[in-house]
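Multiple structures follow.
The two complexes that follow have subunit A in common; it is paired with subunit B in the first and with subunit C in the second.
Let's turn to the complex of A and B:
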């Protein structure tokens, strides 16, 4: 950004008597702000187009016809402009505007959530007349109305700045709120019975300059001046948008978005914004649990740790480290993941480690794609190709950024997907194919069957977002797509997608059977190089999640360590997981909740979660950022790394980890691409994080090669099973505000398919695949093509149907 | 899936085809929706939203901005009395009050039978012929309180199928803003604007 800025032409303007060099064409309000002069405003927002609706930003400029008042938010600077932002005329104009705005405003600040952090309150104090001449009745409305499950609206407080309506139209692309009626009756509202059901609705609460829009999970919970705040990163979105965590009396009460050029531009998905309630859930595991006679009983830490250490040590002694395996590590910090990676290799003596749940791309592809794109590359591409998950459901920050690029920055967007996709309305080309037919489609591209696709890609500067569109095509297709695009585009950058928390950080820490920390491939040479830090570790790559589960079933792996992992829900082949968990001899789980995967674990060790620990995380583009602690870990919970350190000592091979910060230092020494990363760097020079590798060549580079796959299956119905924003994942399940937003166990079919199946909306159908079967409620959905059944993954009451897309549909009722 | 009959959909297709951008068709489509139900129903607005690829909230935003889009059922006769400045000076408020009194229908409401809606409107461009009144958007100029009462009685008793501006001007009007040399044929058969493509005799868009 800075380099771009330097190349921009500048002009000279004079603000309140001081000369400044500012970028030509910049809006006056922004140019002044960047030079330290804050012009009051209500409707203008840095991340949205100006509208000039509120007139609060009036300033006086000199014109050939004498001084004139102009709105600073719609006036671009030009050379020699002389601006007065504080003089008597301006002050009078500001007073008048505020007097008008307050005519209908109830001034109920003492009972308003926004009081204390309200631009209207603040600017009424700083620029207002202090007294109003208006003695008539103010307009009133029913108060408050619920415009969605998450947002309340007090219309009489609204000053009609249109920030919320513009956000929903321009930024998030779901204009479900609008100005309704006219004149004195204008109000923000929804269509009757069509709520503001947007995945991004919380942003309107944050940008509303008054208390008209408030968030249900926060309403009446605190006063802003009582809140403690710390900046951090969200793990509910793999772009790791910057957030501020607000607590009162050690309880997390809200997250707000922090503006950040590199990632989220200040916006958050509702999942990232409201996904905090699980932190204070009564269901948290607060003390160690040990299984006795089939029941979990509370235990002292030393007992529980000793028990786990004894059994893990015994299995290691009897059957070797290969008889142990580690699953998980994608939901914590890099420091936790590093401790886990080291624990597995050094202490357990195994490379059977995997942070992915058998539903993800190859580890080398995710961690070390040679030409990995940055999020900001989306803005400058000729063409964005999205052949992967629905970004709106799984990668909300990338969704907003791709949407902006296609809508405002002239970037061509091509979407390849088996059904309706959140970006369809901004796509220049949309290619729909049957689930499981990805390779056949790619071959068709190769034959030149899709000239519009070729035109958008061939010889162009392409950024490709590739990932698993569903489970049908397997993890190799995205690699093939990347290789194909690279062969056609003039330049191609690739963002391989995975949607789980801190997966990229976990892989960078070596939580894959064939990786070591720092994007290093595991082989005898690299294992040898690590020996100085970790001692002797097994040099042969271990098993991935699927291999681990199969080996458990075969009796070759006896003990499992789960860290923030719920394979029973997340691994698509549920039959295999069930069998493995039946067969496992000993299971230790480090986790925040009891769930399907650790319900019968031998030991559960209670873990701290986000906001309760410090550390770093690594996002989808390889950006390392800080997460920060603000509250004490509740009960007896502890950080993953500290638990693992104690276990290592009891097993007789202490790792010597002493604090999160020293682990970060150790990572910088051990993991090549992390050299130079420190908390100081991230806290002072790079608050928005650094993208790795910082400099020099990366130790491991993955170049996808063209791979062959199977053709599209011949079947009456094929299954498109994909993740959606709200599911029955462990943390969402314990976040009451979001839990109820999940669609549940539904099967979407095209209305045209309904008659031939004899199904109608709400009917119950049985879906049978080779790997699973279960009953679902029918939703008739135009977005799902005929012949496709769309099932959102991991829903309450649902079952996993596996990866084979051939599905049989029968109506039950 | 459309809630409209094939015939109405045919009209809608023709309307949408006239514009380079679908969303530009929103206003004529709203009139079309109004002609189907007699007023704008939620269902009608949702249907328009589908035709122009907008959300129902965006359609409602437009529909609620203009007072001639009726979101409640109006009577068979929509009687609109101008109370803007010229008509106000000429006694528009008295005419309105007289018609409210005669009909028993307060400003902005409809009688139980569904026969009459009485409303005040802003300037309807006949200031020279103040006080101006419209019945189903057919104009009458120079209306007095007495003539207003007579108009209401006539509508109640004669219940004409078609209301025509010339006929009503002769019966209930006086001073006009200009010499109405051109005699208008036809008239309105429902409370929709005359340029609405369905449900009027005069039509006008084809």
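Let's turn to the complex of A and C:
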């Protein structure tokens, strides 16, 4: 480390009479801050380019022509620079700047949501003149105007620092908020008839140095001095951005982003920021429910547990463990997932477990890809290849990081996607193909039909973000893509993408039919390692989600345990799921809400959720981070592992789990790749988490192979069904602020196709595929190529159309 | 001789005091609660939430009182005003306002912190209750009615001095304007709790003239 640090060129500067060694070329404001001298600022933000708008950071430096006032945020350090940040001249200049900023700033502090944590308030106290000399009218605007469903703008309070406009333009890439007018009438505003509908709008609220931009979900809910805070990780994004959970009187009121070099750089998507509302929803299941005569009735914990244990035990005794299956576990902590994995194997005696909902990549590919990339590798690659879901919709943190790499760090970006993609404007090459034609396109790459793709990839340092662009190509294509890129690039690192909170953690805990905890395959060796804790476990690999559902229909599986899973909505083949749930003999659901999948479950056990439990989670790059508890689990809800522990005891094979922390210790003992992980490590030495394995090679390594796929479908219209940020998922459904943002059951078609079909904007069309049919509202969309019908998945009023890309479109009205 | 003289001298003091007490001339105790001592002007008694003369509530739910309270006995929650039917001037009003009088130490920091003079103190100090719940005063008890009267907790108590609630502690800071343009120049309430007696709000023209700009 020391040598590395010495290799950076340093210069010597003198700040307030003290000499410091600082990196050459760094901005003075940053260099001074790192050495412990705070220079006041409003417009400068560490993660954005400087503009020098507010002039608050004026400091005095020695120049050949005598001392001069310069803004510290636009002045790079020079060797021998002598800086004065506190002298009389500087103080006077800063006071004057503040006095001018306050001329038009209203005295709203008592009713302003920023009051108490406001940089303008704080710096007016620390660096201001203390008194205003102005008695004139202030500039007035209409008080808060709604610029989107989530954000309010109060232009009176704005000090024109351009943080929000720069964020929208430079960081998130949706420049929807801008300065308008001139002179004294300059104001920040959105464009007429175009709301600030950015997926990242909440960040502007967080970085606004005054209360000009405020968040509707937090409006007047509390003042900063009410809040209790704890750092945690968001499970709304597979990169697990660091968040701070703020509660008041045991109610979660907001999430804020925490700056973190490894993942989110302080930014959050609006889903990760405002998705907290479900936690305090009135619809939470707070007491155990047992089904009697077709109705759920409230039950005591011991009754409900006993009932579930009796029935599961009975099925196990009668038909063996293979007649039981476990679905879910991807929305909780690693500890919960471990408990579930152990519960399935040890207590139920089955390997029929799966955290994926039949819409994900192969378990070995997701968990154990040999050359898995880190998120930070995006910054140093030659080329980023994205052949997967629209990052902006499904992986917002990766979207921001990839955008930054392509835009600011000179990394070439290649996007392969069937329709318009959030990163198109930064992509050096964009290759569009028909849904279902992925393998055909890959063959074309192999033939050299796309020389610009070859030029970007061949012999380069490539980071590949691969995942399922939609359901049509199936889970094998990303693996084939990864294999192809490995064969062409000089070095290739791969991030296999999968949505759903803590999938990677769940797979690491063995929540797949062919995996055991610690990224090891289900074999006798790994079973032997677990024997000390788990005892004998079944040797034969189990069934995956699809296999489980088919076996339920066939009557081979009689009992289902659902943990935070909603297969009815998530599994693409909805007909199969419906049939399976009809046929299932006994269903236990551990969940926070009643939803389509557990509406007729025999027992529903109420579970605690994020902010109500401690634990660890593992993100897309294999980074383990902590999640922390700040509020009591409401009602009678309990953590998943505690529920499973009680069930295991009642079934007669107690697991002996006593606390989340001891489970982490047990994981570190039995799961090879988790060796060395402990709460102490994550809380003290590595607050940003650690990427696994900490030392040594991973036990199981998966090398993607080229797999054969089907050719491009021949049809007039092909279906591109993909996840979007806002859908009708269980948690979003119970978050009122985000619920209304979902696009609904729409079908996007190219305007050129409209006359052919006789459809217009808003018309209703019937889409029929081999696996499903339903009616959708037409949206004419330039981003969808001709011959493609784009349908956002899991929307209210929509139905799943399955995985087959051939679709027939008929206009209903 | 000297002893008898001294003795008589002492007894004279005793006798004088005895007669003075019987006649009431030299009384040091009072027959409380039938007779109450006059309290100093700035006595810190029970709180009251004030209204503007137009009937609007002064409290904007900013929670500065709760933040300032050293006993942490104040619980406030703000809410957004309905634009057509506002409770207070501006965007926000005090939706929940509770003071736990059992914890309150009557220091008056809440009054000092309040930016709108919504909370002030009166001279009423008799607040004993027979259960703890009644010690928590909510907006129902604290808020004055639109006619400027403050609800008394025990209006039928023959021993209660109803006038105590009508006496402000006199601590008023001249800050916030009256709230509505129609009330510009209208004298603020006098003699009612917390409002004190101050000059009417000057118009902007008046202020400009005074500062020499007009």
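The rule is simple: the second predicted complex is superposed on the first by the 806 of 813 C-alpha atoms of A that agree within 3 Å, B and C clash if a C-alpha of one lies under 4 Å from a C-alpha of the other, contacts with A are read in each partner's own complex, and residues count from 1 in each chain.
We adopt the following convention: contacts are C-beta pairs under 8 Å (C-beta built on N, C-alpha and C of every residue); 3 or more make two chains touch, one makes a residue touch a chain.
Worth saying up front: this structure is predicted, and the values here are computed from it rather than measured.
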Touching partner for A:283 - first (subunit B), second (subunit C), both, neither: neither
Subunit B versus subunit C as contact partner of A:182, first or second or both or neither: first
Touched partner set for A:751, first subunit B, second subunit C, both or neither: first
Contacts of A:174 with subunit B and subunit C, given as first, second, both or neither: first
First, second, both or neither for A:194, with subunit B first and subunit C second: first
Partner chain(s) touched by A:225 [first = subunit B, second = subunit C, both, neither]: second
Touched partner set for A:143, first subunit B, second subunit C, both or neither: second
Of all residues in subunit B, those that touch subunit A in their complex: 1, 42, 45-46, 53-61, 64-67
Subunit A - residues contacting subunit C, complex: 109-111, 115-116, 135-137, 143-144, 219-223, 225-226
Subunit B contact footprint on subunit A (complex, rising order): 169, 174-182, 189-194, 425, 751
Subunit A-facing residues of subunit C, complex: 60-64, 66-67, 77-80, 90-92, 115-116, 204, 207-208, 211, 213
